[in-house]
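Heads up, the next two complexes both have chain A, just with different partners, chain B and then chain C.
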Partner chain A sequence: MKAQNKQIGTPMNRVDGRLKVTGAATYSAEYQLPGLAYAVLVGSTIARGRVSSIDTRAAERAPGALAVITHFNAPKVPGFAKGQNPSQPPTAGQPLQVFQDDKVRFNDQPIAVVVADTYERARFAAGLVKAQYVQEKHQTDMTVGTRQAFQPTQARKNPKSPVADYQRGRADAYQTAPIKLEAEYIIPTEVHHPIELQAVTAHWEAPDRLTLYDKTQGTIRTRNDFAKEWNLPEANVKVIATFVGGAFGNGLHSWPHESAAIMAAKQVNRPVKLVLSREQMFTMVGYRPYTWQKIGMSATPDGKITALTHEATGQTSTYEEFTESTVQQSRMMYAAPNVNTRYRLAALDVSTPIWMRGPGEATGAFALESAMDEMAHQLRLDPLEFRLRNYADQDPENGRPWSTKFLKECYQMGAERIGWSKRPLTPGTLRDGDWLVGYGMGVGTFGAHRSKAQTSARLLPTGTVLLQCATTDIGPGTGTAMTQIAADTLGLPPEKIRFELGNSQFPTAPTQGGSSTVNSVGAAVQEACLALRDKLRQLAAASNSAFAVAQKEDVVLADGYLALTGNPAARANYADLVRQPDDALVTVESKPSEEQKKYSMYSFSVHFAKVRVQPLTGEVRVSKLVSCADAGTIVNLKTAANQMKGGAVGGIGMALMEAATIDNRFGRYITKDLADYHVPVHADAPAVEVLFVNQPDPHVNALGTKGIGEIAIIGVAPAIANAVFNATGKRIRELPITPDKLI
Partner chain B sequence: MATNPETDLPPTNHDEARRSFLRQSSLLTALALVPGPVVHAASAELDETVAAAFEKMPLKLEINGKKYKFSVEPRTTLLDLLREQLHLTGTKKGCDYGQCGACTVHVDGQRVNSCLSFAVMHEGKKITTIEGLADGDKLHPMQEAFVKHDGFQCGYCTPGQIMSAVACVREGHADSEAEIREYMSGNICRCGAYANIVAAIQEVKQGGQKV
Partner chain C sequence: MNQFQYVRPTQQRTAITAVAKDPNATFIAGGTNLVDLMKRGVMTPQKLVDINRLPLTKIEHQKNSLRIGALALNATVANHQLVRERHPLLAQALNAGASAQLRNMATVGGNLLQRTRCPYFYDVTLPCNKRQPGSGCGALEGINRMHAIFGFSDKCIAVHPSDMSVALAALDATVLVSGPKGDRSIAFADLHRLPGDAPEKDTTLEPGELITAVEVPDGHFTRYVSYYKVRERASYAFALVSVAAALDLDGDNIVAARLAMGGVAHKPWRLAAAEQHLIGKPATEASFRQAADVAMQGAKAFKHNEYKLKLAPNTIVQALKTAAAA
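Our next item is the complex of A and B:
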């Protein structure tokens, strides 16, 4: 088999495209099960205190009602009884144990679940549940929280933790420098809001066998969490997530609604479907935390950064410490001698956040890349030139070489495509009729992570190779990319590959998150295909000596038979090869090598924005975005470009629209749906031009991939904010940039 | 339940329950003529089930060319009828407030947010869902174009986008990129595949195929 890529790098259509355009793709709330019942959650109406009583009588008597579960009558959950919620918290604390006590920790915390025979009846009955509370004083205000910020437990215990304080050279050295800036930046709470509502269908197929059709990014993680929670062997819990209608991170944690549905299914002894409402998506399945940041920076007159300090405080709940890598980019992006970072948490009476696309890095990049623009302006330097003067040729955090870094190439390509040369050095000087025009840039980076992953490969009698892996596809096109990788590895057309995913009973895979799926699962698919070919060659060698002496590379898997390049006589049919059903089956585990530790492995991106600002109304329109990525090998040009465009649209939301707002008097969101919480629509999405360096990284895996999902959004919001400054001369340091901030 | 084509109409469970109830209780039948007491009875916890039986309404719809007769609660939305009773789950629920467009279907050829209309409001009307768009195995040109231009990622908003896109072209609102963006703005794609969706619609419009 000659190593030639026929499919990798092409814009192949998605293998599941037909299912998606015909409505035949089945998401977690769409499985038909006999006797299916419907569950609706009732949330608390206070933000902190205790539930003193719940009147469930009317709900229980409502037509079709099957059960009302509260902390007064909830079934025993064996995993909870051990004292810990086995749904692993991100770092410290304990996830909510739903219906286990009377404590209210945040507004809209689930306090009851109502089960009925139809959705309408369940919803009606849920409205009849009445709770009485003993209210305590709550705190949901981040301006207060920031003043009481603390160091994460993880960092206190371990100074090497990624969220511990970091220092090279002198700390806060910018303060005594002649040319310096100090600025604070705020990102409000943002909510993932995938269009598919969070949904789970729980089915106890036997008293000790549980099946979940669940909107999760990790079938194995979800399986393990609920196996522990219900004290079941992992093999007895099956998690199905064949199609996931977007997630952007909120499928990275197990949540109370899942436990509630499982409890309800146990109680009524029927499969139970629970779909959150759009309001509940604000409070029950995580969000990007409100984050306060401060950047201090000093530079020489000729544009060398001498010192950089990045501080951040992120919002978390009172019961879990959610942490993320908000300050990471400041440690490694620019070659400054004195750098220090401090990361803190503020615990409020809110639910727990969870990583949202680009997670902390996207939040951090807003501060860092805005500050880069501010310093360039102060120095009267072009911001691109300023970045080039501080380009890091090796990782300044640890001195290691980059596995690959083509960021300069990205700068060059992107600047050319956006027309960077038209950017005026003096803000507010470029006009198009009544509108002000400006250009801005922002850089993004994210670790090229790879975890161990398994995949099985089986040759079927039809000549098709069936691959199975427990990974999920929340939208990037995982199944399509894996099909291309398998097709090239085996030299088969893609029609002869079938890749199945989204089932915890398939070989283990990491959760889909952190831009790592192709790095991890792609490598496993490639290795499984090579192992299958070798196994088939050995089987053929038993009866045909030509195969015994052949070079591995010369063995060709054709349409259901094995052949040898340059030896037309050598041929082994499926029936000759496969005597026992599993003869043609291999399962491999693929792991990153130790050699990787010698390198710093990151994907890089740069985003260039052109905006128009109407000076009278303060309206901002993004007229063009150019996103350039150094993400290693691009497996599918069509789906990869789509992911980049989607990240850019997400960045527009971050920059100009998205903010979940709490009325601190009540500790309750006043943004409750998509009319209050604005996300970009068609009319907000400009032409996005995507450029890939498309150079393989030899160290992450044999495919050369580095990951796209996060760098697609990291750096977009500051690019837009910087363009707004260039257009208007107004520096907006608190997102979103709504018209009121510009007029 | 309640999926019987009009040509063959065995009673549904709910119809049966309702009839047997009517036979059993002439007193309560009289109550049915007086909405006030029924409501009162319900709130007095006399018998919510009684009220529920009376609250069902007959409904005839033609869905994807097939005629159906139902007995539905008036509070059932067209969306929930399609998804939960007919298992036509191609029509998606994304917000339940008419804000995201994932539930877009055609009612007598007009695009409608099926979450915002009660099923009983559409008596006698023709409904087309994503499942009824293709001609057998042959995809509708808009479906083909969405696949070709990768007008989706996770695929969840896609049926609504496609139903809206077909209507957008039929309405004559697809003459320019800007016009398409404006008239498609009721359909949110959180994955952000907007540019590809617009490209798909433009291709169909410019291709001049019958949509």
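Our next item is the complex of A and C:
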């Protein structure tokens, strides 16, 4: 590519910003189909046992009621009968097959769906469904679960699995060292809670043709899952997710409410919309699992880590084994000779978790980066200096070079911006009036993943280039970034690019998750644009030989015609080149290169926090937060900074307030809405300062990107916890850091 | 949500009669609490008597007190010139409550009568004596982080969530009500009840009694005041503990003091003994600490709210310090 980079790197406004702020963007719950019916789920009120009977008569007779589906009368689902696990990637176990048996596996498990002609009537009728249960003893207590933890099946079957035990040097070598620490860390269950509730509208357009307007992060994944579930050809299932109002991971899996809506639509032979309530968002679409961790670490007196052990036990359900990368970063973050990790699961009578922003790494970083701070304190070393002394110049896990790593640069930029030199070495010594002040840092890392992705590019006779890809945009501004990439690749102004996404009938793209969309889809867009330019050259060559011999790079998409640099006579009007709609259409598939095997590819971040703590009341205020990222090329400075800020605010939530609490006697959440599940409000978030190294990574893709979404939150919570320690001398190892823990 | 009838009378009498004669009827003002409870099935009125058309929004000074109409909005009261000048403590307490959007809807009467936020009260599948007498108290042996340390019974350990009420308790307000049997006034301390054996009753109001206004007597608490609310985020959260503190100072000497706590009992918890203790003392942290110790006599914690035994006195000290420095 002749990189002109006129658009890439600029803070371009979102291409769909106007649609969003004027309400013109259509979300999954907003499709007004003719004959639309409304479905409301009824949840169980016990955590484990059997549904012995359900009285649905009152609900069926309620005004406007169309159907009540329970396991007694649910239509046959062919995929369920086969007992297959449709989820991608498959988890060990079996995702809940809704309404297929009388078993209750968690509290608020869907046991019925009520369909009516309006939402209010469906809700009213749902309240009339009465179930009887045979209750069994349940277990939802992680302190018990942790004691009965087991190795994930995946790890038992395959010692090379990423969640298998890992060892280099000696295991648990810290135990016999003179300078060591051993500490346990806990993060409670957290729930994604995007403001847009989970919603699906299911429409059987024909007995074998299904359209879903669905809140999902992957239209292709959702299509494939439900094609399998309903035994339909993939081409017969269409999934639309043009706009997604935040997801943070809960659109990475297929859930029972989607199956229920599809079933209901089949039963009443009308399109059916199902929107979860805020309360159901706690139990029906995953969450960040409660996780217990232990870090053992030893170091030399001059601050070289000699051994590191990282253990974790994460919560999962009894029917599916959800695993995540909680301990992986401890293998590659610091240059220590003896490192081992152990990852276990605790199966409880709860629903299955799912990745939540930063997933396991964010959980793991709380333990690892807190421990780094604890060891630095023990050694009376500045924590930044301690990290520099253990900086890994190549990947200690596999000995490979990093594709790029500018973490040192991040340290320096961030430390300067926060005023790190003002951090007192002795905790509890800095004051601002009544308040204690402290500084802390935390490091984040996440794999710079890239997968296969397709994109089509088509020149329209008007000279606009239309790109299509099945990817979604859950908020990062994918459409905008892709527009910038296409504009630069083709040398066109962004107004001449139209990028369409969120439709499973567009060329295949991976699910939006794991910070990989720009790496994967961005590369596909770039390649599609290059292929289109060459296709145009070929089309022009048919009537103008100058194009036949021209260099690819010399082809210019001018206003209304194709031109050649240095040959003003060569011109081909678009109107002549494009006579049929598909004349100038290319579809490419972009694949990760072999370099993935040669290099270790990661994004890095460091977060610096300044906090104030009221010593009498234990209130914590984050007064400054500086996030600095090494994420390769920054395609859009504005949306990228927006990602970083959102992640930082999520990190404040994780550090100071987020916790979903179960009363274990009932196995039921007692936090049920956003009044008692606290997320940060504006007053909790200082103006987050974002800094980018903005150096391209030449190995991940030709754009030089590495990914931002996850590293924005990974490391924020420990930065705040470490700052609280610096302010107060109190080490809080169980999140969130609420006032009661500090007084 | 159940089906219900909805009426919107313009006459106070009509409204009162409508509720007085129908045990399943209830007033609705801003609806910010009642509608939530109806959606959850916690309250199931069959008739809503909307009082928003009644002329009860006035805020005016009369004789020796400020009279605030029951339908004045929380936001209006908080920003009202007379309130800010004469009762800054009340303005602070209001602004510490809920969010701007809610304060724009919520009324004074509704704020006083908002119901507890106890999670067991809110979930109709769990036991709660307040919601369903005789079903047991879910919180007693449950997650009782937010619960009472004063004045509870073995039937109920819930706390009253209103911030405004804590300030009104400290300021010796009077509640004016009108009912089927006529008008009466209730000293603020007598409006809310302790749970005792009947936690289903939050207040001493009789069926059909309508709050028409609140009167706050003039006083010297116009400067050295602080409503200090400790919560789990900077805004938009209910109090773990809150303290309304008001001092009348002569130089450094305390002439009079008012103290009330929120988040610790089934009603706003006035700290009369601690107030007495402060009179004639110097306004120093040592005096405040002693008063806090007095205030905490008789406090008792449960499994998850032990921290309140420390947080409450600390917050008293901090509120008094902030008030004295105002």
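Brief remarks on what is shown
In this text, the second predicted complex is superposed on the first by the 734 of 743 C-alpha atoms of A that agree within 3 Å, B and C clash if a C-alpha of one lies under 4 Å from a C-alpha of the other, contacts with A are read in each partner's own complex, and residues count from 1 in each chain.
Methods note: contacts are C-beta pairs under 8 Å (C-beta built on N, C-alpha and C of every residue); 3 or more make two chains touch, one makes a residue touch a chain.
These figures come from a predicted structure and were not determined experimentally.
In the superposed model, A:Leu656 lies in contact with chain C only, and not with chain B.
Contacts of A:Val244 after superposition on the shared chain: chain B is touched, whereas chain C is not. In the superposition on chain A, A:Phe666 makes contact with chain C only, not with chain B.
Residue contacts after overlaying the shared chain place A:Ala575 against neither chain B nor chain C.
Of the two partner chains placed by the overlay, neither chain B nor chain C lies in contact with A:Ala558.
Residue contacts after overlaying the shared chain place A:Ala675 against chain B and chain C alike.
By the document's definition of touching, both partners, chain B and chain C, reach A:Ala683.
Once the two complexes are overlaid on the shared chain, A:Glu619 sits against chain C while remaining clear of chain B. Using the contact criterion defined above for the overlaid structures, shared-chain residue A:Lys638 touches chain B, although it does not reach chain C. More residues of chain A lie in touch with B than with the remaining chain of the pair chain B and chain C. When both complexes are aligned on chain A by C-alpha atoms, chain A residues 120, 124, 675, 680-683 touch chain B in the first and chain C in the second. Residues 1-3, 41, 99, 117, 119-120, 122-123, 125-126, 138, 141-143, 145, 228, 230, 232-238, 240, 307, 310-311, 314-315, 317-318, 321 of chain C are the ones touching chain A in the complex. Listed in rising order, the residues of chain A touching chain C in the complex are 45, 120, 123-124, 127, 434, 614, 616-619, 621, 656-657, 661, 663, 665-666, 668, 670-672, 675-676, 678, 680-684, 736, 738-740, 743. Within the complex formed with chain A, the chain B residues making contact are 45, 48-49, 51-52, 73, 75-76, 80, 83-84, 87-97, 99-100, 102, 129-131, 133-134, 139, 143, 146-148, 150, 152-159, 162, 180-182, 184-198. Against chain B, the residues of chain A that register as touching in their complex are 13-14, 16-27, 29-30, 32, 58, 61-64, 118-121, 124, 192-197, 243-248, 275, 277-278, 474-477, 638-639, 642-643, 645-650, 673-675, 679-683, 685, 687-688.
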